[in-house]
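Below is one structure; the comments refer to it alone.
In this document, chain identifiers A, B, C and D correspond to the written order of the chains, with residue numbering beginning at 1 in each.
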Amino acid sequence: MIDLSVSLPGLELKNPVMPASGCFGFGREYSQFYDLSVLGAVIMKAATGTERLGNPTPRVAETASGMLNAIGLQNPGVDRIIAEEIPFLRQFHIPIIANVAGSTVEEYEEVAKKLSKVEDLAAIELNISCPNVKEGGIQFGIDPDMAAEVTKRVKAVTSVPVYVKLSPNVTDIVQMAKAIEAAGADGLTMINTLTGMKIDLKTKKPLIANKTGGLSGPAIKPVAIRMIYEVRKHTSLPIIGMGGIQTAEDVLEFLLAGANAVAVGTANFQNPYVCPEIIQHLPIVLERYGFHSVKEATGGAHR
Amino acid sequence: MIKKVYAKIVSIEKIAKETMKMVLENEHISQFAKPGQFVHIKVADHTLRRPISIAETNVETNTFTILFKTVGSGTRRLASYEAGEYLDLLGPNGTGFPLDRVEENDVILLIGGGIGVPPVYFLAKELTRLNVNVHAILGFQSKDYVFYEEEFKQWNDVTIVTDDGSYGKKGFVTDYVHDINGIDRYFACGPLPMLKAVKEELEGVEGYLSFEERMGCGIGACYACVIPTNTKDKYKKICQDGPVLHANEVKL
Amino acid sequence: MIDLSVSLPGLELKNPVMPASGCFGFGREYSQFYDLSVLGAVIMKAATGTERLGNPTPRVAETASGMLNAIGLQNPGVDRIIAEEIPFLRQFHIPIIANVAGSTVEEYEEVAKKLSKVEDLAAIELNISCPNVKEGGIQFGIDPDMAAEVTKRVKAVTSVPVYVKLSPNVTDIVQMAKAIEAAGADGLTMINTLTGMKIDLKTKKPLIANKTGGLSGPAIKPVAIRMIYEVRKHTSLPIIGMGGIQTAEDVLEFLLAGANAVAVGTANFQNPYVCPEIIQHLPIVLERYGFHSVKEATGGAHR
Amino acid sequence: MIKKVYAKIVSIEKIAKETMKMVLENEHISQFAKPGQFVHIKVADHTLRRPISIAETNVETNTFTILFKTVGSGTRRLASYEAGEYLDLLGPNGTGFPLDRVEENDVILLIGGGIGVPPVYFLAKELTRLNVNVHAILGFQSKDYVFYEEEFKQWNDVTIVTDDGSYGKKGFVTDYVHDINGIDRYFACGPLPMLKAVKEELEGVEGYLSFEERMGCGIGACYACVIPTNTKDKYKKICQDGPVLHANEVKL
């Protein structure tokens, strides 16, 4: 028997596979296809203090082995997520992770505070790739001091474990991870999308209305693996890895690089069954490569 | 209910300039699809699925038809599939044209622009089951792009309009909507500028428009395809709440 | 007639297409396939002060729509390049660009000095993505001050125009470009590869002997386009764009983003004829999208 | 001379466990290929071409044969091509086994390990044109992997060795090289550990080894595939100077 279970702060996972934030809504749509209780956990779409309507469309574009998105954090606001979405997800008895976003440190605090009052919320994922309106639009996620500050402030107001989601658009990912570790985070999730652009030859304008968008999908997997490998070498925080995962073999590659668990984003759009299929296939792949458990594979490339 | 299915390609042929007709076999889609709904097709070598409207279903043969224009790399790749191959698709997706408020003897105007014609054709065929008066106005770029005139004629009165007058009447569909008197309800699908013009031209008439937007998931999970509305939620998802929306609820 | 010509500092290009450094050797191998005189220019493999033997193998790995490489600047050294390679390339009467690398500022200076004595060398491309041994291995290409310093010092010792090649592995590409512009560069080439990794499931180790490698190919095109677009907005230096170009349509996308000319790397490995094919197809594509010249298309997305 | 050609797949079949045989039609390759050279094949959905040795040519039918093991996604995809399809390939690439120093009545030992057998087979066939004494030792993992025993027997004395003894003799090829007396020259292709062992075991005998390395360009331009040597240049490029190199010049 291959042991797929993983214990991380706040997360008792029966398997290490969960849908990534923003690629699964609040689970309703995918629950048409399968029983979500097979998932290791679920990460919800970003929550902000109040409702957000997001960016103008087009919001997505296709690229080679990837896609760009600039949804712009559209969500009904934390109160309605708590009132309407979490109760729906609760029925599947899997750990629920809330993705928290904001334009100011205060907004992060407010959202996190409200969410941590939800009885059975397993963890918070801090989405620090949002532009900080107060600091002139600079992202929290690319400045180690700002990232540490928001981590510290959110940790102070919440009782649930806090995972901070790293942006790959930085010169030194290890420096970011260390600053966030020192600020008291319980874990890391990585990577968020790489900033990219596509230009429409017909209109001669950036195809995405927001001009730039976040690149996701298999195209970015080598960058994700590299960053997880580097961060694993220099911090001891648990890592939920993501970026281009499509198969159980990809999951094993993330585990070897140092991830403790993984999230699957873009691949859900190609195949709504991708998460359960990976979960079913993972024990076979682990066994084929000589592992008895997910835990044993984690960090394997560092030994 | 949306399912992920593998549909066998029964036939594929070119029916007009840059326009392909593909007949597929799949019980689920052919039994459950309603006019205005679409299938979300996985195309080899492409990250994102492609949304294509359902143009016709046949419950006896378990087949359904899609028509598509080869505009970019995805639709060109789709055109290169051959009969006998299988397509991985999700469907039927979205909410189609609402027929519940259609009443006997209603005068109904159908407007299709270019590759917006297929869902309107499916609707035209469905409407024959109801005892209503249907008129169709179909706009195309030019003569070479015209398709399905005969197919529509089986069921309806149909006016063909081309931008350059190379076939049928010359001009835009909106130039001819007032030729039809006492319209109770209209249904339109086509490029956004056409939908805007139709809405304006038929202000006051109850109408439904079918929209397009670049999609991610195609099922309502990713918020890629929203359109601003003046409803309580302030927006609708084209892939789920649409593609057909009430003309008065959308902000164009 | 579509005008493909472009005038840039030191480079009178009859068309904007040239092979990228490291993907074309010194031209000999590709000259078996076609007459190199059709090219707009040619960028040679990196030159260092003395011969370098590069990294252990494996040095390349495939990724989704891309590849990783860690060649490690293997080259016969600047003297032999001048003595043996430039004379070979000279026969094609196209502008020759030398890619200059080094581990210390002094090495850059030395190589650039030697090269600028070569009568008909058109330009130097400063490859600043090399680790600086003196500064503890930090890349010149990720620190604006170091990049400016090496640019200034090289400019001081050479008479040929200097193009500086930007690394995409930075938080703020505009800051890098501005620092390099202020230091007196004549142009920019961008982008070099994104740092990535692939792990071999069988050996459980990074597949590339050097562990990390540079990601190139269509996978990185959205990042290249975004960075060129941003840099074009904030500097007036000419840009030679690269990163995932495979077709004439891709070239147009780079031009619209703000590139004045382009280089083609990885695609040469897939199709040795890719450069001449793009050059042949480019006028057709420009015309289809309503342009009469390359110059007219450049920066089109900014208007 | 290396050319980029489209070669038609004449046939494709499985000849042993995980081992495919593909016959292709192309005049250039079949006329010019020498034993030890390879073709660099473009495989759909893959960035990099795959190097595969030429196992046989037929100048009458303009065909050539490749044998490959399905070890990863590229070779699995290659195995899924069908007769009648065309492959885009570069070839013939590299420098093959040198035959210029082979003399009449020489005793020549050929050693092939696993999927290293195909180029050795091509060589065996070529050597029949010269009046020499050829012995072949072929090593395989186990019985299921054995192929081309009969083919070799047409030309040579052949010893089959399997790691587990499930077919032929048990052990490694190096266990049997001393069964052959008075070897003047040897040629070997197989996994690196085998090549190392062969070189050691036959120290003093003139030998040539065919190497593998992950490749980029496959033609000598990218420096991906170098191997350290004790020659003046300190290295050789496997794709261009090799894949066959003199055993004494490489540092293993």
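Methods note: contacts are C-beta pairs under 8 Å (C-beta built on N, C-alpha and C of every residue); 3 or more make two chains touch, one makes a residue touch a chain.
Not measured: the values here are computed from a predicted model.
Listed by label, the chains touching chain A and chain B alike form an empty list. Ranked by separation of Cα centres from chain C, the top chain is B.
With centres defined as mean CA coordinates, chain D is found 36 Å away from chain C.
The mean-CA centres of chain A and chain C are about 34 angstrom from one another, to the nearest whole unit. Averaged C-alpha coordinates put the centre of chain B at 47 Å from the centre of chain C. Averaging C-alpha coordinates per chain places the centre of chain B 57 Å away from that of chain D. Residue positions 63, 65-66, 217 of chain A each touch two or more of the other chains.
With touch defined as above, chain B holds no residue shared between interfaces to two or more other chains.
Touching chain A in their complex are the following residues of chain B: 1-2, 4, 42, 46-49, 74, 90, 213-228, 234-235, 240. Listed in rising order, the residues of chain C touching chain A in the complex are 63-66, 68, 142, 169-172, 194-199, 201-202, 204-206, 211-213, 215, 217-223, 225-226, 229, 244, 249, 252-253, 256-257, 289, 300-301, 303. Residues 22-25, 28-30, 32-33, 45, 51, 53-54, 57-63, 65-67, 69, 71, 74, 217, 266, 268-273 of chain A are the ones touching chain B in the complex.
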